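The same chain A turns up in both complexes below, where it pairs with chain B and then with chain C.
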Partner chain A sequence: MSYQGTKVNPSKFHTSQLKFYAVLIPLAFFMMLPIVFIISHAFKPIDELFAFPPRFLVQQPTFDNFRDLFVTTSTSGIPFSRFIFNSLLVTVSVMFLSVFISALAAYAMAKMKFKLRKAMFEINTLALMFVPIAVQIPRYLVVDQTGLLDTYFAHILPLLAMPIGLFLLKQFIDQVPEELKEAAIMDGASEFTVFRKVIVPVIKPALATVAILAFQAVWNNIETSNYYVNDESLKTLSFFMSSVASGSGNTIAGQGMSAAASLLMFVPNLVIFILLQSKVMNTMAHSGLK
Partner chain B sequence: MKTRRWNEAYLFLTPYILMFGTFIIIPVLVAAALSLTYFNTVEAPVWIGFKNYIDLLTHDEIFMQNVLPNTIKFALIVGPGGYIISFLLAWMLAQIPSKPRTVLALIIYSPSMTMGVAMSVVWTIIFSGDQAGYINSLLLNLGLINAPIQWLQSPEYLMTIMIIVSLWSSMGVGFLAMLAGVLNIDQTIYEAGYIDGIQNRFQEIIYITIPSMKPQMLFGAVMAVVTTFQAGEIGVQLSGGNPTPQYAGQLIVNHIADYGLIRYEMGYASAISVVLLIGVYMLSKLSWKLFGEKE
Partner chain C sequence: MAKLKISNKRRKAVIGVAFVSPWIVGFLIFTLYPMLYSLFLSFHQVKITPVGVKTKYVGFDNFNYAFFSDPVFVEKLLNYLMEMVLNVPVIIVFSLIIALLINQKIKFRGMFRTIFFLPVIITSGPVINELLSQGASSIPNIEQYGMFTLIESSLSPILAEPILYLFKQIIMVLWFSGVQILIFLAGLQKVDRSMYEAARIDGASPWESFWKVTLPVLMPLVIVNVIYTIVYVSTFALNEIILLIKNNMFSTITGFGYATAIAWIYFIIIMLMLALWTGVLRMKKR
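Coming up: the complex of A and B.
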């Protein structure tokens, strides 16, 4: 058998890689189909949406579905733009705040000495396994008792603590040499200055990764709208989406609109990930659990 | 000097601890406490000891006959299945050059971004029950079926569709971590391995790749367990209601929502939550046993 070891992460194409392409390309093609479908479906005019036999790809693309989506309001009279506004407000708040508080805590856990450091990191690692949906009822009670029901805070606060975010940031900050911090302390910098001027610039890839994870957690979230908010005008786009999808998925006007809304939900996910993907891979290299 | 730093660390940690405590620790403790009570949200909780747990194990026919077998089946296929597929794909992606790898990895990862929710509309259209549904139309044309099938409303097919959709979207964070893990293995370890008599790529995976990226394998395994249980809403999303048709797609998280948020039996629902949390914890510990570094 010939020597094969150097083939991992090859720099150029070689015929021996064909077998991997032979598996990966068809598979990627199949995985892409539903996404291609939603894009195509969102642009279909009404006669194509219900054509028989159904056609997978759009023939004469139109923006009708998107126009309908913006013009039509939900059953209770809330305009679609209101849901977009709510989602943007909630998403930006959660992304910014959760990255900020996770980074602060991760810095303390990686570069500062205190008694409970080891115990706290272990509790956080344990919480990686936490399944929020399992305690949806006590969470509801907490939100109720703290008076957050029917406010924007009900969308934001429950999502801020992301154990995986703290975990990834801490692993990443661990890689920053101790000397960088010590040199800054020598120059009279406070811990917060070290954090802001020394650490934050070098952990940007990890910050971007946690921001993406936060984005995905909040943008796609429907629990907060379902359980913590009764006021329709405070609900988010993802909730509106899922109610359009389950309520009117098969009615004539509903199907095109829900396809268009799905696309609007999906595209920001994709764009953000494409923009930041190299940073994500860089962070994931330090994701190991020991 | 030392005390000053000691204090400051907690200052850095406070916002996180506050949120972590309020929305993770307290709910878990409240669930544990409520699970020992009868609580209908109107009257104050009444202490009833372990009655909820006993009822769950002895009286809840739906739990024993539908929910538990469904959850075990779903978790066993989607958890390890998604995990193994993630690893194999990550490994294969590592064998091709960087540019095509990035494109393919993005395509494979993209379904997981949708978390099943935004995409449930796609699946409801594709699996639509009339003859204009895409799958029905395709199968009718091929002559494989004679009449359209109510895919999402029929107990026979719902679970299979849930599993397919979940597997489709299971290449998430764990997949990316494993991809980074394979790529970061030191090349010289492979060279040494071949000198030591490794014969083929299968041996290479077993003796070099997996042992060298154990931390990422473990991270991926924990993520697989968590996302499997998080995906529990999928059956309700696809069929459009809780409970799912004849409880065919009823998973443990739906059972919790059914009792807690529809019947308002919060004490009983909390007992189910505690059982679920213990289950997730034990599965994660099992992953730790398999991949954790022995000290």
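Coming up: the complex of A and C.
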């Protein structure tokens, strides 16, 4: 990155950029396609949804899918706002708690010395590789035995231990120079103060990344509603949306509603992403990770 | 004095354990115990009844069935292995190139960084589901433009085969590299600029200084990324083997016991794959 900075002649500097654009712009275009597709798909009228071969862009946009979805949701027994509340509560708690718990554990495993810390991290890495759905039934038994069935905790607790979060955070904390911590300890800071005042600001990009991943995992999760919660009024928005689309009996209208529902469910993903990613990118340059 | 030192050390250990304990509790209850329980189930025939789970010990029957009787498992496993051998290096090299490019001082750098980080929200949501079901993950048109026949006729089949495969996979590769690009980018910003200047004064070309300065610094992150990529691709919810496990879970013929047996075989294969890749990379490093 330093080469361009050392060049003096600005016009030469400009043409040297062209080759980067030649590669980056087409690729960036590819990256945007899924999002264009998901938006365009939601506005397709029925005949375009089922067109073969499938068309990428909508030709005659219509709000029918959204209207159908709205009509169906307003006729269900439980008010729509209830599902939104459930989802918000569950998502916010999991995001904050899992990031906090993983960061604390990652800090301890990277920068503190105690028995078994290496072994713990290895076990975590192994757990990463395990197929998540294979633990579904044993997990159900745990949730059942601990009496968490039909509570909000059934949505929250199983998702808190996030192996991938711990994995990424520890890798980032490993890169933080030991001197930063030593200096703070010299000044009389406790381990928790070091964590809060030194480590957290430095690894903000990683925290934001893990927060995005955690949000994805919770917000889109329909398994907890499916398996651990029988009480309709405790289920989450994502479950409700998927059941509206598939359970309406009419599969043709269901396709349209499901396209509209996935767009609506996707918008918060995009918003969270845009809000957090600026943190990811901006802080990285000043993070002291040198 | 010595006594004080020991107790100080112990105190530190206690704080350390206190920091990890919330994580340990959650991990033991909701991840490790269910994993071990599924290992137990893989040696059993499992019947799920309204009263509870009924198990009957069957030894290695489930594992034997997977390798010798299941019509699709072995084939899917081989496919998976080929995919991993080809895709992992491609994803790593691709994300490294993108990271190097968007680390340059160019206009709209921030925008490009955002766009290349987008896959994080695409591949882990319902979006990918919709896209895959619509067949949007391959480029249908290249086959029609005669590019495929051109490659096939001008190269030997040994070379043409992987190239064609990569073309078909290119979009998937792009979508799986969001976090890897981020990790490389963080690593690139760690590289000391004065090292480049020193290399330049010594007459190194950008190409040389990439191999001699940038890559050694990034090496530990390459390993991190290899682990991340293998894990991400292998446990991706729409992966063929995962779908197979899912189908067997509630199947009346095979059942959950068999599903956990495949899951464990798969798990062990992923571990071997990981050991292989990291082993190769560590050897190179020396």
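Just so we're on the same page, the second predicted complex is superposed on the first by the 188 of 290 C-alpha atoms of A that agree within 3 Å, B and C clash if a C-alpha of one lies under 4 Å from a C-alpha of the other, contacts with A are read in each partner's own complex, and residues count from 1 in each chain.
To be clear about the criterion, a residue touches a chain if its C-beta (ideal position, glycine included) is under 8 Å from a C-beta of that chain, and two chains touch if they have at least 3 such contacts.
This is a predicted model, so every value here is computed, not measured.
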item	value
Partner chain in contact with A:139 - chain B first, chain C second, else both or neither	both
Partner chain in contact with A:50 - chain B first, chain C second, else both or neither	first
Which of chain B and chain C A:21 touches, first, second, both or neither	both
First, second, both or neither for A:205, with chain B first and chain C second	second
Touched partner set for A:227, first chain B, second chain C, both or neither	first
Partner chain in contact with A:255 - chain B first, chain C second, else both or neither	first
Touched partner set for A:89, first chain B, second chain C, both or neither	neither
Which of chain B and chain C A:172 touches, first, second, both or neither	second
Contacts of A:58 with chain B and chain C, given as first, second, both or neither	neither
Those residues of chain A which chain B touches in one complex and chain C touches in the other	1, 3-6, 17, 20-21, 23-24, 27-28, 31-32, 34-35, 37-38, 41, 53-54, 56, 101-102, 104-105, 107-109, 112-115, 117, 120, 124, 126-139, 141-142, 146, 157-158, 160-161, 163-164, 166, 191, 195, 213, 216, 220, 238, 242, 259, 262, 265-266, 269-270, 273-274, 277, 280-281, 284-285, 287, 289-290
Sites on chain B touched by chain A in the complex	5-6, 8-10, 12-13, 15-17, 19-20, 22-24, 26-31, 34, 89, 92-98, 100, 102, 104, 106-111, 113-115, 117-126, 128, 131-134, 137, 141, 168, 173, 176-177, 179-185, 187, 190-191, 193-194, 199-201, 204, 213-216, 218-219, 222-223, 225-226, 229-230, 232-233, 237, 240-241, 253, 256-257, 260-261, 266, 269-270, 273, 276-277, 280-281, 284, 292-293
For the chain C and chain A complex, residues of the former touching the latter	12-13, 15-17, 19-20, 22-24, 26-27, 29-35, 37-38, 41, 48, 53, 98, 101-107, 110, 112-122, 124-128, 130-131, 134-136, 140, 171, 174-175, 179, 182-183, 185-186, 188-190, 192-193, 196-197, 200, 206, 221, 224, 227-228, 230-231, 234-235, 237, 241-242, 245-246, 249, 256, 259-260, 263-264, 266-267, 270-271, 274
Footprint of chain B on chain A - complex, ascending	1, 3-13, 17, 20-21, 23-25, 27-28, 31-32, 34-35, 37-38, 41, 50, 52-54, 56, 100-102, 104-105, 107-109, 112-115, 117, 120, 124, 126-142, 146, 157-158, 160-161, 163-164, 166, 191, 195, 213, 216, 220, 222, 227, 238, 241-242, 244-246, 249-250, 255, 258-259, 261-262, 265-266, 269-270, 273-274, 277, 280-282, 284-285, 287-290
Contacting residues of chain A [partner chain C, same complex]	1-6, 17, 20-21, 23-24, 27-28, 30-35, 37-38, 41, 53-54, 56, 101-102, 104-105, 107-109, 112-115, 117, 120, 123-139, 141-142, 146, 157-158, 160-161, 163-164, 166-168, 171-172, 175, 191, 195, 205-206, 209, 212-213, 216-217, 220, 238, 242, 259, 262, 265-266, 269-270, 273-274, 277, 280-281, 284-285, 287, 289-290
